[in-house]
């Protein structure tokens, strides 16, 4: 092979030359920002998702700061100033059936509404991911037992399930969070299981098994990073459902108890006023709508931002 | 279809440029003529633009994100200016295409027989009985055993080789004159691949088809093609008869491809001659010859000026400043091989 | 070039049985997959691997060739323990794999695999150096040293660490990714590397680069390869010995030069003459085999190749040919090659016997 020709140097070049593939546009490569860096970068350029995120942040901020920034006392009613219309001189967004300031109540109500809307999803995300990832990765009979048990929950419509559980547990903020968590755990677990089953069959998971890593290490290092993203996207899309369900429970008297302001409960108590002052009666519903659609739009944006890759 | 334009080549491509998303120059000035009854193989590695060129003939590249320049004439008609209706008539009726993966090209919810009769009846006014008879003939033609029974099979019920035959039958359903084949044997096992290659060669000869055959496998190209066009980075770097290109190459890239084949190694344990590096970034094309950075013969002007199409013999061209030196290097290889064999 | 890479976790002197002891011996390996055939259909089994035995000698490259469904990839996965086998015995350097003397974890430190799909075999959320360093980290190498080792391996497989170490798999070309996969396989300093169609998805010019790299690495790290491929040219180039598989069984095994130059089994011969000709003046005229490789669900009785075989006779339908030697290093499972088999083409029994 030492027989020489102009190109006989090529083999030597190959090891070293292979070391620096020549025309690979040497300096065109920008150091990667990592996966989440790319997702963030893409998300920042998505006007819809960013608007939705801003709306959510604004509402959260207002809700958190409500006790200090409400224009009036949200609990003090006035029998002579009931059901003032929107745009009233004292009551910017009108007053409710007991003459309390709607704006202040909406601001303060956001706290509870967001709390009992978001908390069950966070809890269900943790529990459901755990169950789903375990079932998906271990497979076999454990998968069968876990997933068939979860299927039982799917036999009931989620609204009915939430009402039944809340009814059984009794009214209250804590109980409605528990019942909503129970509603979402099976849904998230099912998504987690299917994503994990998919990832588990990838060659890189096999390669990790071949390196002698323990199941726990593989789950933590190789699997988790790849499954949590899609599950997280799904979970954010559940926040809107959760908010509506939570409001629904309060509306039915199974959640927050009066006089605590909460959007669903406000919707309930104002329903009698729907013919007197429809706009005011619809305001809590509007708030729920805006928050839930913002969460939905944001989760859509997140999903497409996570489709980066190649 | 009319006799008047029968003298026109089956496919004539002039100065074809395809740009994706405004930046990726997938095809950069391709000239290619397919004479009637001829089989041309377009060979190249992934990203060389061979499939994009093929798809451009049928205008199959996504129209919104693609900018196409140049001229494509099929049987004398300008494909670029066809209305979408005329284009539909062209597809299938005059130009048919077969793909690498028949499972993706065939519809999973209909039997293959139904798909073929539908295709026939879409283009011709013909009864369902007659169409089925034609389908049966086609199945016999592509050598599908027990064709009557197989017509009623769904694509997933057939083996890989049978599916590929069924897709060829579907492509031939409307008696096209031009057959475009995109890596039709790449996914097949060796013993099946050779059967399909022989079938394609036979059909081409018997039906007088004009075929463009895209492949990355030089061997497959030699088996089916009269002429071979070698593509690199969106350009045809060498084109000639199969004999000329394989036995008498004049472009350093073609020579590199021939050298890097594992069957060309002198002896076990010797190293393979490789083309160093990797193909250029098509969105940031260097000036001059796109192959220059990897070329064992490159000199200063290769990095500056794009090489001309050099006609090295009748019907044999190579886009290179140093065709003579390249050819001499190849002859040297040959001599050494012979020496080693003695 | 042979710089010691990071810190050794396994003592370098791992050779137990000496050079004559095969590195891996496989005896009667069987794997069947149950499948359900439609509603109410009787359960069937795919006989993916159906009684495979061969040995891999220390320092050699053994090639396995065959068409899809012949069980070559399943065999690799069984060897690696990625799926349990139904029966059969796997010995690594004389020790039963998974036994007391050689638990799976220790075996895996000595055997690694490179997969065909270079993209699917890298974690898309991990940098290249992270993927390579993962194995050593698992085996207790401190993080800094593991990264150091990853970087020197990257350099060794031809990827400049300063440019490539922090990249993600999608930022590399197919050839570069496969180099990373090779580096990862080497990170644990294995003795045996299983290459499952490792170059099949690459472009020809890139394939040649990777083949050269594999040859260099084998010498430098004293590796033994099990090279699975459907490309006979590549196998001829790289392998010392070759095993030909058909429908879950080895039908011929012997030195690559012998088997691929003068094959004894008609299937090997058919595979060889199925390769496209590179000479425009001598194109293939007749396909050596008709039809597709049959389904391993219901393999034919007797010799599994008999329905497609040009030499088939009545006896082939009834008798399963054993894998018998035609010479000391070359074995073949064909009645036409075995004295006294009753096949008309069989050689007569030699006088000495």
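For the reader, a short list of remarks on this structure follows.
Read from first to last, the chains carry the letters A, B and C; within each, the first residue is number 1.
To be clear about the criterion, a contact is a pair of C-beta atoms (placed from the backbone, for glycine too) under 8 Å apart; a residue touches a chain by one contact, two chains touch by 3 or more.
Predicted model only: the values in this text are computed from it and were never measured.
Which two chains touch most often is answered by the contact tally, and the pair is B-C. Set against the Cα centre of chain B, the chain with the most distant centre is A.
Centroids built from CA atoms put chain C at 47 Å from chain A.
For the pair chain B and chain C, the distance between mean C-alpha positions equals 32 Å. The set of chain A residues touching two or more other chains comprises 11, 14, 18, 21. Touching two or more other chains at once are residues 271, 273-274, 276, 278 of chain B. Residue positions 173, 176, 209, 212 of chain C are each in touch with at least two other chains.
Those residues of chain A that touch chain C in the complex are listed here as 11, 14-15, 18-21, 26, 29, 31-32, 34-35, 202-204, 206-214, 217, 221-222, 225-226, 309-310.
Across the interface of their complex, chain C is touched by residues 45-46, 145, 159-162, 189-195, 197-198, 201, 216-220, 222-223, 241-243, 246-247, 256-257, 260-263, 265, 268-269, 271-276, 278 of chain B. Of all the residues in chain C, the ones that touch chain A in their complex are 80, 82, 104-105, 108-109, 111-113, 115, 117, 120-127, 131, 134-135, 138-139, 155, 158-160, 163, 166-168, 170-171, 173, 176, 179, 181, 184, 188, 209, 212-213, 216. Residue ranges of chain C in contact with chain B, taken from their complex: 67-68, 173-176, 203-209, 211-212, 215, 230-234, 236-238, 256-257, 270-271, 274-281, 283-293, 295.
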